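Consider the two complexes below, in which chain A is the common component and chain B and chain C are the respective partners.
Right after this comes the complex of A and B.
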């Protein structure tokens, strides 16, 4: 490596270094030679290494450019003269306590600026001179105990013990965060910037030892500095925050904590910090030069200079949210069924992106090395998913649960285990940031489509072995429980992928017709799939109810006793599960109704605008290098290899749009009828939404026809469905607004030159259903509206 | 004077350049690219600034900011030898 060799060489360079590179090598000046060689090049020529992509060159830092060269950072006299081993402040006036408190307070705030406000470490925590100094000492001598570490040496215990230990505590927390980041689930740069500038953040020191050191600081403060309440609170806060590694499965495995008490205690401390009016960051002053950009100039650095991020004053409120998100994430431990866990993970990161630590901890806490929550093996977890949806009461389940039928049992179990990987990938995808989450579906859909095709074959084969369940009222069609579950999951993902595009503002208004029409189409397929399952569940429940009559007809004896025992099993075990599954299917039916109705309302509104030539489901940006079809196919590329359901073609989408249009004559008089259709759909959505909301609010009472599985993620789920309800109302109002605006130009049938269309998010509405909004032509608002 | 006639631009790619920017500041890095103005792109750069040494990663150095560029004499000799060997195979 050039670097290692060069470091040695550079250290030995003399100032004029004319001839010697420092390791005995003779150096030859080639400045003029280089100038001559390059002057002979054609102006557009760049001589470069074959493997080097010039795009990578855009990341290069240009030396001698003040905006890019950290060596040009200018430091003031206080920064240059700052001495970490000098006890700043007048000891007689309490200024030293004020200084130490100020530094610790800012370090806590800086942690939040880094973790919650997505700032970098060099502009927040590492800008503190004490952090840089102590970590440089540790990096130079990475020992395994704090006892062996060199600390501050001011001869004032406030600095040497309290501040020194506090810095150690903060750095230990950074080490933990860095570990969480490395263990996956969140991404460097896009989720969190963990650039520690090649400093060793106490790699050999245990968190327990750091906590002990902080506890000794706290004792010192209580005993010797009675007026240090704020500093005591900050130290106690840090001690509590350092309990977080105990909830990180990869960090502690067998000893991972499930008791959330220390986290609730942290919340109490944070609350007291907020309440005690410490939001004012200007309350304390720091030793001059204590926070500096100097580290960017001194340490290994391949980033341009950045100003220090000054705390804004709301850091403890952010910390409150940070801790609440973590507590919410770890509440996943309360879930007992696969449906509850599925719903928890689906809703947890839904309405707003949770803090990065909470998302990472959820993933590591839920998906452990060989189990889910330490309770269920991966295969058992997958079986639970199947059982709680479509497998209960089936012949296939009887075979799987009957260990005697070894041959068929083993081959089926082996086949089913292939599903575990797909299921885990789904779970890993859910807590990701919104962009990664949608991107993850590209791969997931391929996987799930592939296993669907595979299992349709398996299940056909199993049918030939007599392992089958048929739905009598639907022409005796086979149920195929595993494929039914896979198909349901896949369709839900396809709908989510399409609607997430609105959330992330991926689509232009002209694309909204195809996307919403596609969602309607997918929901219809989902509904048909659910109807099959629902019919089977009803059939099976009816069979169990009537089984008793069969027993009565039997003569007393062994056969009758066997039938009675079987009946008991059916009523005690199978029937309750079938009832739960029916409620779950009812929930998905409602999801279908909601997505179908809201999507159709959007389709109606698009068609209305298209009828007046304000918008079209194709782009005017098509050139001779592309075409409407190419652009459409590119947008639907994710679904290009999906076998079932068949994805409509570009032409089919265009034809569907035509079917919704209203035309002259009397075009204006046809608007109310179109809106009436739309409002009927919206009413259906509202009924379904109110039903789901009521079920969640009443805690899923036993007589509820729906099971939402949201008991442990109640608030998020309620907010989500209420946002959908708000969107249903907003869409209805928007229909009237569009009608009014179109009626302003009664004589015109072509309003292409009058209006532009934008997709606007409604306050408190669902980000899946932004409104098609008319704006006067050429007077578009320049700012995009942020999602609610 | 060292004879540099054998050393062409392609011979320097991937090799360490020693660049002085001023009396206090110098860089060593692997040459990645160079243009017609002798502006260079160096990777794995190590900076020495008033005795303080640190890594800087990928760095572009405008030639106007350069006081001198040096390479090791070994590299020159190696290049000469390699080219001599190649040419002797074709003679």
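Right after this comes the complex of A and C.
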């Protein structure tokens, strides 16, 4: 509520009651007026500017609230008296070297606390007085060269040159990280907090100049301080870390580096730091008051007060992981085909969330201003995806690749270009943190469903123009290569969205039936789609094989020569691609088998528990305010607009569950048969998994029937499939455990009051398939098992 | 719990306002400014309820909510804060407060009710999930303490189950089934 009237009254005050302040200023005493007005205020009244929205106020900090007002932070005497221009430490005992080393060591650790442990800058790097001091100076005078910067002035080169340059190096790295964040790909706050407290982090100073300064520090240390090995290592580390901007495409455009040597050298330095540091953060002492909450009190701050973050000792191990993740991300440059790039991006951030810098660099390195990896235009990249899956050997491809620019060619190319946007969005979504990754699919599915509908129309139209391929052995149905690819991608996303819900612990145990049954259903649709494509590929390969016989029947002449030339093209270009595509399709077949079988095993186990009334595929919560159907429909809201495949209704899901149940009489005797069905499924999954694992381990030999495209993301892919294999084994064991527990109550067939169910992740198992685990009622564990 | 009575928040009562602030400040991990309280309590005083123990002149529990149009297509209720003094916990007071708030939001023709809670807060999750809220998504490092959150939703009408893109205010009757 606005007290506009009161504000108006205050504004209308005149200088009738002038008071002389004693220094000649004319003041107006409004005390009485203010008292009168405030006494008239009601408790609910908010005095505010008319244009000020209360919602904006929710972001405000509150003065005099100790939890929110950073000006109330109390500093001790050391913090208050700290002088950045005083050379702390006894010069005769080596204490100064110890102090400087300690500050630099902590700054390196603080970088990891910030970037790897998700802490904020004010509680880590910016809590260092030297950082605050030097950046305050730079902010006041943002020059374009270090030569013009004011530095430390202690008259001790250890402080003035070595520490001063080290701080500059750390701040330059922060500047680079801010740029990475600004260029997108990761999320401010949740992925990375880049609050520099309005300090200018060397905006005008080039990284090269900073590296040169650090190199001069290193020379000084080597020449004049033989005892400074640790400090030398730290300086060398920082020099190497400042090479990272060279791998950030938006920072250096066409000069972006592809040689990873400097990064491998960084790893060597980190390794020696891990060896020598041994996690000891207390081996050096700092000048007293050097790290402080003071910056939060002194500088502009939009955040509540927060204690500074003390390094835990594992920072160099984190740095090792940080650098390895970056090297792994940049290895994407080795990929040559669309399928390899697709697989790289799919597996890279899969089993473990990669460090934020690696995720951001992957995106910027892969998706550049106008190309993929600087090798393929966006449209070419999209065409590669199509070609390497369903477009090779089709009439549509012949039209697209026809050099005579016909009108139909142009309109088809234009239509296909609409797909590039969807494809890039898919790529941008994959390196996101796990929560955003799933949420991204929620939006992507709208786009992909829409382009599928659009392309089914386009391809029907193209068929009417004679641009078509039919599958003879399947009743002459049309292939529709573009729609086939879109549908495959969409179905894979739908499956992933559903299964990611288990990873993120979004589902309760009672929801697992619908989710796994839905995944089984989607995989079956995917399998049918792939069968169509597989049949086409076989038909086309057979056609090419038999083409030679046709040529032999032709009479010598121009027609025969033309046919021979066409045959050569078919055997040299088309057939090899069709063979590769068949292997890719075989890989997806195996993915279908794995997801179908593991999902079905979960469905069997759920049905077993449902048969004993331990669980139901609907909430046991009060539905006073809602209904089972609303709850179900809300859960499937993401898919509510999907046209194909038709999403089963709540009633259909409930009916499906009934088909799996076992019933009295002799309910216990029916368990082995149900588990036998389940184990058959799990064996199918294991066969497929072992086959994929073997293919990856043996480097995808030429005679392998499967192409996994994981050559450049081998370790991650292997771990992923092995986690699935572990889950297949664990599910089988879990089936037996459930049977044993159910058999403990042979006389009962309603165990609702005996057991509760929890979803538990298995060690080294897949987070897509947590186990339905029985717990005695009322003795439920207090928290869920942490995801692996 | 017998002896505990529940009232709607009285915006004209200073003590009620300051007690709500104190209850929440003591209980929640997020520090809220006075503006956050004013945002909720001044605009939606009817969606705040208090629990009082017999003979105690200050509230011992409270729930603070709001409701507004989400994406311009559905009315979304939101449970912003809920707190019960430690010594009164485990007596069903929070559940009663939630029930009163939901009733009020149903009355106000909300299509759904939403809230966020820390993934590690098993008690809160248990409480809301027993009232048919479901976890819609996980929010990475949502809180200042770096913790993830779950976004929970209780669907009250069919509108809650349809994507915003496909909803228009004219296409669906409000409050289809409650």
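Everything below uses one rule, namely that the second predicted complex is superposed on the first by the 723 of 788 C-alpha atoms of A that agree within 3 Å, B and C clash if a C-alpha of one lies under 4 Å from a C-alpha of the other, contacts with A are read in each partner's own complex, and residues count from 1 in each chain.
Criterion: contacts are C-beta pairs under 8 Å (C-beta built on N, C-alpha and C of every residue); 3 or more make two chains touch, one makes a residue touch a chain.
No experiment lies behind these values; they were computed from the predicted model shown.
Legend: residue contacts after superposition of the two complexes on their common chain; A:62 is shown touching both chain B and chain C. After overlaying the two complexes on the shared chain, residue contacts for A:637 are found with chain C alone; chain B is out of touch. In the superposition on chain A, A:433 makes contact with chain C only, while chain B stays out of contact range. Residue contacts after overlaying the shared chain place A:78 against neither chain B nor chain C. Touch criterion met: A:27 reaches chain B, while chain C stays clear of it. In the superposition on chain A, A:651 makes contact with neither chain B nor chain C. Of the two partner chains, chain B is the only one that A:35 touches; chain C does not reach it. With both structures placed on the common chain, the touch criterion links A:683 to neither chain B nor chain C. Applying the stated contact rule after C-alpha superposition, one finds that A:753 touches neither chain B nor chain C.
Note: residues 1, 42-43, 46, 54, 57, 60-62, 65 of chain A belong to the chain B contact set and to the chain C contact set alike, using the contact criterion stated above.
In the complex of the two chains, the chain A residues touching chain B come out as 1-3, 5-7, 9-11, 13, 15, 17, 21, 25-31, 33-35, 37-39, 41-43, 45-49, 52, 54, 56-57, 59-65, 71, 198, 298-302.
Those residues of chain C that touch chain A in the shared complex are 11-14, 17, 25, 31, 33-36, 38-39, 42-43, 45, 102, 106, 112-113, 119-120, 122, 129-142, 144, 146, 148, 150, 153-158, 160-163, 165-166, 177-178. The residues of chain A lying in touch with chain C in their complex are 1, 42-44, 46, 54-55, 57-58, 60-62, 65, 67-68, 118, 187, 189-191, 304, 306, 433-436, 438-439, 446, 504-508, 511, 619, 621-627, 630-631, 633-638, 640-641, 782-784.
Contact residues of chain B toward chain A in the complex are 2, 4, 7-10, 13-14, 16, 18, 20-21, 23-38, 41, 43-44, 46-49, 52-63, 65-66, 68-74, 76.
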